[in-house]
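Quick one: structure below, then a few questions.
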Amino acid sequence: MVVPLISIILLAPLAAFTIFALLGLAKRSFPRQDLLSTAAMLVALGCSLYLLKEVVPKPDPHTVDWISLGNITFSMGFYLDSVTVIMLIVVTLVSSLVHIFSIGYMHGDPRYPRFFAYLSLFSFSMLFLVVSDNLLGIYIGWELVGLCSYLLIGFWFEKDSAANACKKAFLTTRVGDVGMFIGMMILFWQLDFKTFSLYGEGGIFSAVATTDDKLWLSIAGILIFCGAIGKSAQVPLHTWLPDAMEGPTPVSALIHAATMVAAGVYLTARMFPILTPSSSLVIAYIGGITAIVAATIAIVRFDIKRVLAYSTISQLGYMMLAIGAGSYVAGLFHLTTHAFFKALLFLGSGSVIHAFHAMHAHHDDDHADNAEHDHSLVHEHGSEIPPDQDMRNMGGLRRKMPITFITMLIATLSISGVPFIFSGFWSKDKILGGVLGRAMEWNSIHHYVLFGIALCAAGITAFYMFRLIFMTFFGEPRNQEMHNMAHESPWVMTVPLIVLAALSFPVVNHLWFNKDYVKPPPQPHIQAPQHAYVPSDTKIGFTLFGLSEAEAADEEGGTDTEQSDKAHHAHEVAHNIAMVLSIIVAGLGILLSWLFYHRRRFSAEAVATTFRPVYNLFWNKYYFDEFYDGVLVTLTVWKARLFAKFDLSIIDGIVNGVATITQKIFAASIGFFDNRVVDGIVNRVAEVTWAAGGRIRRIQTGAIQTYLFVVLGGIVLIILIFRAL
Amino acid sequence: MSLQHYLVISSILFTLGIFAVLTRRNAISILMGIELILNSCNLNFAAFSRFVIPLEEVEGKIIQNIDGQIIAIFGIVLAAAEAAVFLAIILAIYREFGSIRPDEVDTLKG
Amino acid sequence: MLLSLMIFVPLLGMIVVLLLPRDSEELIKRVTLGFTLIPLILAVYLFIDYKSTPDTQYAVSVPWIDAFNINYHIGIDGLSVTLMLLTALLGPICVLASWRNIEKGIKAYMALFLLLETGMLGFFAALDLFLFFVFFELTLLPMYFLIGVWGGPRREYAAIKFFLYTLFGSVLMLVALIAVYLSSGIPGERTFDIPTLITLAGTPGHALADPTFQIWVFLGFFIGFAVKVPIFPFHTWLPDAHVEAPTAISVILAGVLLKMGTYGLVRINMAMFPEGMAFFSNGIGFWGNSLALLGFVNIVYGSFCALAQTDFKKLVAYSSIGHMGFVILGLAARNTMGVSGAILQMFNHGVISAMLFLLVGVLYDRAHHREINGFGGLAGKMPIYAGFTTLAFMASLGLPGLSGFVGEALSLLGAFDTFKVLTILSTIGIVVGAAYFLWTLQRVFLGKLNPKYEELPEINKREILTLVPLGILTIVLGIWPNFALDMFRESVDELVTLMNTFQAGL
Amino acid sequence: MGYLENIPSLAYFSPEILLVVFAAAVIILDLLIKNRESQKTAYLALVGLGCTLVAIIITNSFSDANETKNLFFGMIRLDGFAVFFKILLLLATAATILFSLRSEELDAKLKGEYYALLLAVTFGMFLMASSTNLLMIFISLETVSLTSYILAGFLTHSPRSSEAAFKYITYGAVASGTMLFGLSLIFGMVGSGDLATIGQQLPIVLANGNVTALGVLIAITFILAGIGYKIASVPFHMWSPDVYEGAPIPITAFLSVASKAAGFALFLRFFHSGFGKPEVVQSIDLGLLLAIVSALTMTIGNLAALPQQNVKRLLAYSSIAHGGYLLMGAVLLTNGDAAIVNKGIGAIIFYLIVYFFMNLGAFYVVVLMANEAGTEMIEGYRGLSSRAPLVAGAMAIFLFSLTGIPFLAGFFGKWVLFTAVLEGKLYWLAFVGLINSVISLYYYARIAKAMYFEAAEDTDRLSFSKGTFALLSVFVVPTIFIGLLNIFYSLSENIKLQ
């Protein structure tokens, strides 16, 4: 029952694409490609849901030989366990919703059918990646989704920015993928696993338990993680994702928020068993750093999609952090919750953009040009923001498009970690708890640091997400002309929003994650360090977090059993602490952003312009705003700008630079080398030969007596030479 | 007179001939040089035939093998023939070039 | 018999074409097409009928020149049948590709092309070293004229360069060839028979098995083939030849002629001189790494040169150099995975590069230039063409799911066992490969449409017809590599076991 | 071994006699016929050659080929080797006559003498191929030379022709004089003119110290000067480019093939039976000497050919180079192993067969171009592929065969040679030879390039008679097929020297 189901899940979208491609050859296209693709996805969704009650929980791989060489065989196959099923459902669900949304959003686009075909291809690749039971299969799906992302980012390829963005996305991720491939090769030869299949007898996971080459295992782990760094846009390879926003918004929602970028997390989770303390620490740190860096950057963005993009990066960092810190479940939990609410946010922003875009539509339908005639608008670090994405043109939309507003608000609350009724809170709390728990369990200073970072990140997230909400939906419209054009989106677009909003409440996720539906696989190479060294400051930390000295004291030198229940205990404590803290920071963040972006409106425009004298008075009374502005905001903003600068100039610089530099100097010089040196040598030889010919010609003077001299000379020479012999 | 004398003379002749051939700026003199060379060879043959080949006795008579002399005679004949042809060609050259200086006959080169 | 028919049908075709009146061009084209289709049909039949066993099939051996005990000995094993299929497939495609864009002397063109095809088919089937060499050289003359007469502006230079380079290589090969013959036994028992020679070279104590001898002879043959492949210092003829050659000829050049080099390496250097092979690729010391090093240099060097090009065709040409590097690397691995990967890569590159050159040709026929920066935004104007190009590019840059990936991956994977560092360094080629292809894609197809090309017509039926079979192969082999691997699995296993009996070289 | 007396010898000597008779007949006929334009003399000459061929075959069939006859008290030897060369030379002469039929540069009035002289040269060459005595060797050599001088200068009112003749005779006279001196020295050393005797005696006299190695070296070098000038080997080659350029094209063709072949016949016989003994060879390192000469010959020939613009002259240099290749086979004479020696001889013979067809073919095209297009320059060949496709094709085949591109005869010729050389363990020589054949590609290809890749100034098509194509195909077909047939290999293998 499993195999046919999965086959259907995979083949349905593939078929949709194939039909498009084949008809395309004949310069024709299917009348309603959109419905076709959507239907395909819905079928897939149905099957996935059916799988939910069908297979689980007994995981079993179904494989066929793909490449068989002598004694080595690479097999392709499915592997189904709870995680797979969850991923299947998430992907199919979000994908279907995005399909539906796009029917409305992409309406009237010159390449409307092509868009859906691409979406189907992407869905197929993503699903293939998810169900694959071996690294090679994952790698294949991995690259295919990369291709689709390339095609979809560059969907409006007339825009140079889009053309650049898609290239950049592909190349940046490719760098990571190469790392992943090397990692695979190390697993294959260096660790002598001689296979790529993960599960079952002779699979990597069974082999990994027995190997003791920790060093190479760590290296392999990190290298494979490189793939995830690329795909999930972790520092330092994250810069492609914001640019990827050049693609149509549904694409951003599907690929660059919910599914593809999450694939990195999924991969890391899949490779959980091969992680060693060192490799997982690296992962955790990269995750943590990404989380904070991206969050701080998000604060100063005005392009609504860019804000969401950075927030996505930051959230992905969270998940990585979680897995790195060993809280497998938390990571995947956050993956699913994030998939829903972030997709919702993007679609919401899409609906906003659409609202504005309708206005553009009757200006000119062609996307190529709106990139041009917006040069007047504010430039954000070089690349101009399309006006329909610039939050400074928005504001007060909540009345204009209530559904969008409410749904987005829900998503925002969820991502900001507003307690108890929103799924985001639970998953985030699980992560924080997990990290702190690991910290306390191991007394590892590293994990305390990471916890701190995560906490900050949580706060900042809340801050900028609400900034987005306030700037977009609250207050007075800043750009009246555009505001007048704005309108609520058609039902095809709002329905997906509503569905996703529903999913942003804990219900579904809790089904999966709160009753051991998902169990972390064993990590043979990670166990709590014996006789952990307890630095004094962590002692203080304990007291801070409300553990008694006594408890802290018997941390040292406990037996294994004590270790384990101590660990359990630590996690208990950690969760409570984490929950409290996260609520606090979230609240703090929301409050601040309310103060800045909601209240500030008063002072700035209205008062200052209309009632000058009164304004001065008020102004003298309340210096708070200025104070905030002057001190806090500038401080925060400045700090964030700093990050932004670093991010844009350095990392972007490197990524873009490499291509140009190699092309301009290195490759050019090689081309030169090719022409001058390699060819040059050959040509020299030729010339020398030719010259020799000329010499000999000159001996041929035409005077007979010279010839006779040569004859006699020859004779004498011969005799002299051979006389000596 | 022993073999050496003949050989010395013939070598001198040969050398003179070569010298003439290489240095003379007149086709006729070159021809003379060639004649010298050929004659030095004839002298050699005769001399060798006389001194090297042992006398042999046939029916009580001592007989001298004269292969060498024969070759020499043929040599003289051929030398004459060659001279004839050479002179004819020199005539042609003179007709075409108005000169028999070998170094002026050098249109074909390279 | 069947095999001989397949080889010499094109030759027959040449004679027929020569007898046709020079002005009835349509007829000539049709006839040529017919005569190239016959080998294709036969090849497909062989491909199906071929039983995957290490021993050669369809073997024919007829005494030819008794004085040197030279036999007309042909036969196929998995390796050759695969490449013959490739050759036979590209035959009709190239005829179609030259349907419109050969203005002058269509008759001579087709005749030479048919001769060329005979040469190539014969080369892959030959089992007699001398025959092998003769067929190898047989491709030179037609190629020289095809480039020199129907080529671009600098065709004369390109043609003679190609000719001189290859002849130089084959001259060294000739010495090695004679050396092998002379040391194959006492006068009267000497032989050119490849299978016999392989067994002799395997028997310890035999003159052929002497390591030093093997190393020198290996070098002789290697340089001969290296020029053809082409391997790094001998590669400079390739870009010129490609740029000047007409489309169809570029297709043959990249698709088949380069493979002749690597095929020779497998058939002769690896099988016949395992000692020499071991010496150059056992990973010990400089010489032990030299072969892999060459592969690495080819990959990186070719890729970076490609990155530097602004001529579309030159770019593709350099990319071929890069991709042949993977073949060398895979062969250097001397294990099942590497060798199979290399052979697969040979086939795939044949298909993919053929596509690439056809596509370049399509563009050139319309725009009459190949300056990459001169285009832009074509994707909107000719979507189908853009689609094919994307497919070909993606396949070429090793996108999984397309054939290019499998070959490259297997080659690298196989090589990693022995040459860790070199393999890791070679992966640079993957990234750079992606870089130049995507960059080209962007410059040609993305961005705003260059107003010059408002009226550029979409790719037509005939051109699509040439591309579709290749595209299908690309996808099928990407999804189901065993389809090709099954053909030469046994042959490769035998080869590898043979080679692994020789390890240290000296 | 037994000698034949004079009278019985005459029967076996009939071919030569026939040649002389017909030569005389041609002259008489020339006197008789009124119409000076008629080609009767040519046909008579051809008939004469035909008869000679028949005679050769008959005389040869008196006895089985391998049994050798020593005619005129061992002055002349009749064996398979001689017969082969006689036939080859005869065919070459026939070809030359056919070329001359249409040649427009020759003065029609003088053609009678011309053909007579050709027959006379052939007679001389017959002797060269079969002489076994110093006297006969010298006489034959001079016969050939004297007549060739005249033929080279046969173009009246052509300075180039006269100059060619002048240079040829000056050079030839000195060379043959030098050779004669060398011969006299040899004669002095062993006291006999018979090659076989020389072969036996030389080691002995060397051993018992009556003769120093230096003496032998000098003698051999002098002799080499004479033979080397016939086969145009460095450093005795310098006459050939000028003479080839100046002489009438048919004669150039004739010299480049026939007199080279005859020269090699003489060379082989002389060195094989005269100096072949290991003691002699080692005493002066003859092998190395010849190897160096051969290497220099091919290299200089090829290099000098590179910059040539005149096709005739280019082919002259190329034929020097080919002489170098042939010499590689001659080097093997000095090899101790009789089997390898015979391989060398066989290789030379095979290569001469091939060379005969391809080189004569190439020269024939040159003749045709001189007649029809009135040019000898490479520029004149531009666009020939469109002006006369068949001729261009034929020329291309000849050129690439001369280069040694596989499946054309030239390749198999080189193949046989190099195999023999490598078997003689002369690796460096083989290598030099192969590099040379790569170099040679460059200038041969230049002509092909002109014919195919470049556009003609005047594009009017050249018209040729049916006979032309027939004759052309006589050379083209063998150039393609010789290498693929067994017979020629076995033929060249079976011809040996005692």
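As written, the chains take the letters A, B, C and D, and residue 1 is the first residue of each chain.
Keep in mind that, in the parts below, a contact is a pair of C-beta atoms (placed from the backbone, for glycine too) under 8 Å apart; a residue touches a chain by one contact, two chains touch by 3 or more.
The shown structure was predicted, so the numbers you read here are calculated from the model rather than taken from an experiment.
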Taking a step as a move to a touching chain, how many steps at least join chain A to chain C? 1
Between B-D and A-D, which chain pair is linked by the larger number of C-beta contacts? B-D
Looking at mean CA positions, which chain is nearest the middle of everything shown? C
Where centres are the averaged C-alpha coordinates, which chain has the largest centre distance to chain C? B
Centre-of-Cα separation between chain C and chain B, whole angstrom: 66
Whole-Å gap between the CA centroids of chain B and chain D: 26
In whole angstrom, how far does the Cα centroid of chain A sit from the Cα centroid of chain D? 82
Provide the C-alpha centroid distance between chain A and chain B, rounded to the nearest whole angstrom. 101
Among all residues of chain A, which ones touch two or more of the remaining chains? 697, 700, 702, 704, 708
Mind pulling the chain C residues that touch 2 or more other chains? none
For chain B, which residues are shared contacts with two or more other chains? 18, 21, 102, 105-110
Chain-to-chain touches, reported pairwise for every pair that qualifies: A-B, A-C, A-D, B-D, C-D
In the complex, chain D touches chain A at residues 166-167, 170-171, 174-175, 178, 214, 217-218, 221-222, 224-225, 229, 234-236, 238-239, 241-242, 284-285, 288-289, 300, 303-307, 439
Write out the stretch or stretches of chain B touching chain D in their complex. 10, 14, 17-18, 21, 27, 30-31, 34, 37-38, 40-41, 44-45, 47-49, 52-54, 67-68, 70-71, 74-75, 78, 81-82, 85-86, 88-90, 92-93, 95-97, 102, 105-110
Show me the residue ranges of chain C that touch chain D in the complex, using the header's touch definition. 64-68, 108, 133-134, 136-138, 140-141, 144-145, 148-149, 155-156, 159-160, 163-164, 167-168, 171-172, 174-175, 178-179, 181-182, 187
Per the touch rule above, chain D residues touching chain C in the complex are 339, 385, 400, 405-407, 411, 415-416, 418-419, 422-423, 427, 430-431, 434-435, 437-438, 441-442, 445, 449, 452-454, 484, 486, 489-490, 493
Residues on chain A engaged by chain B in the complex (per definition of touch): 697-698, 700-705, 708-709, 712
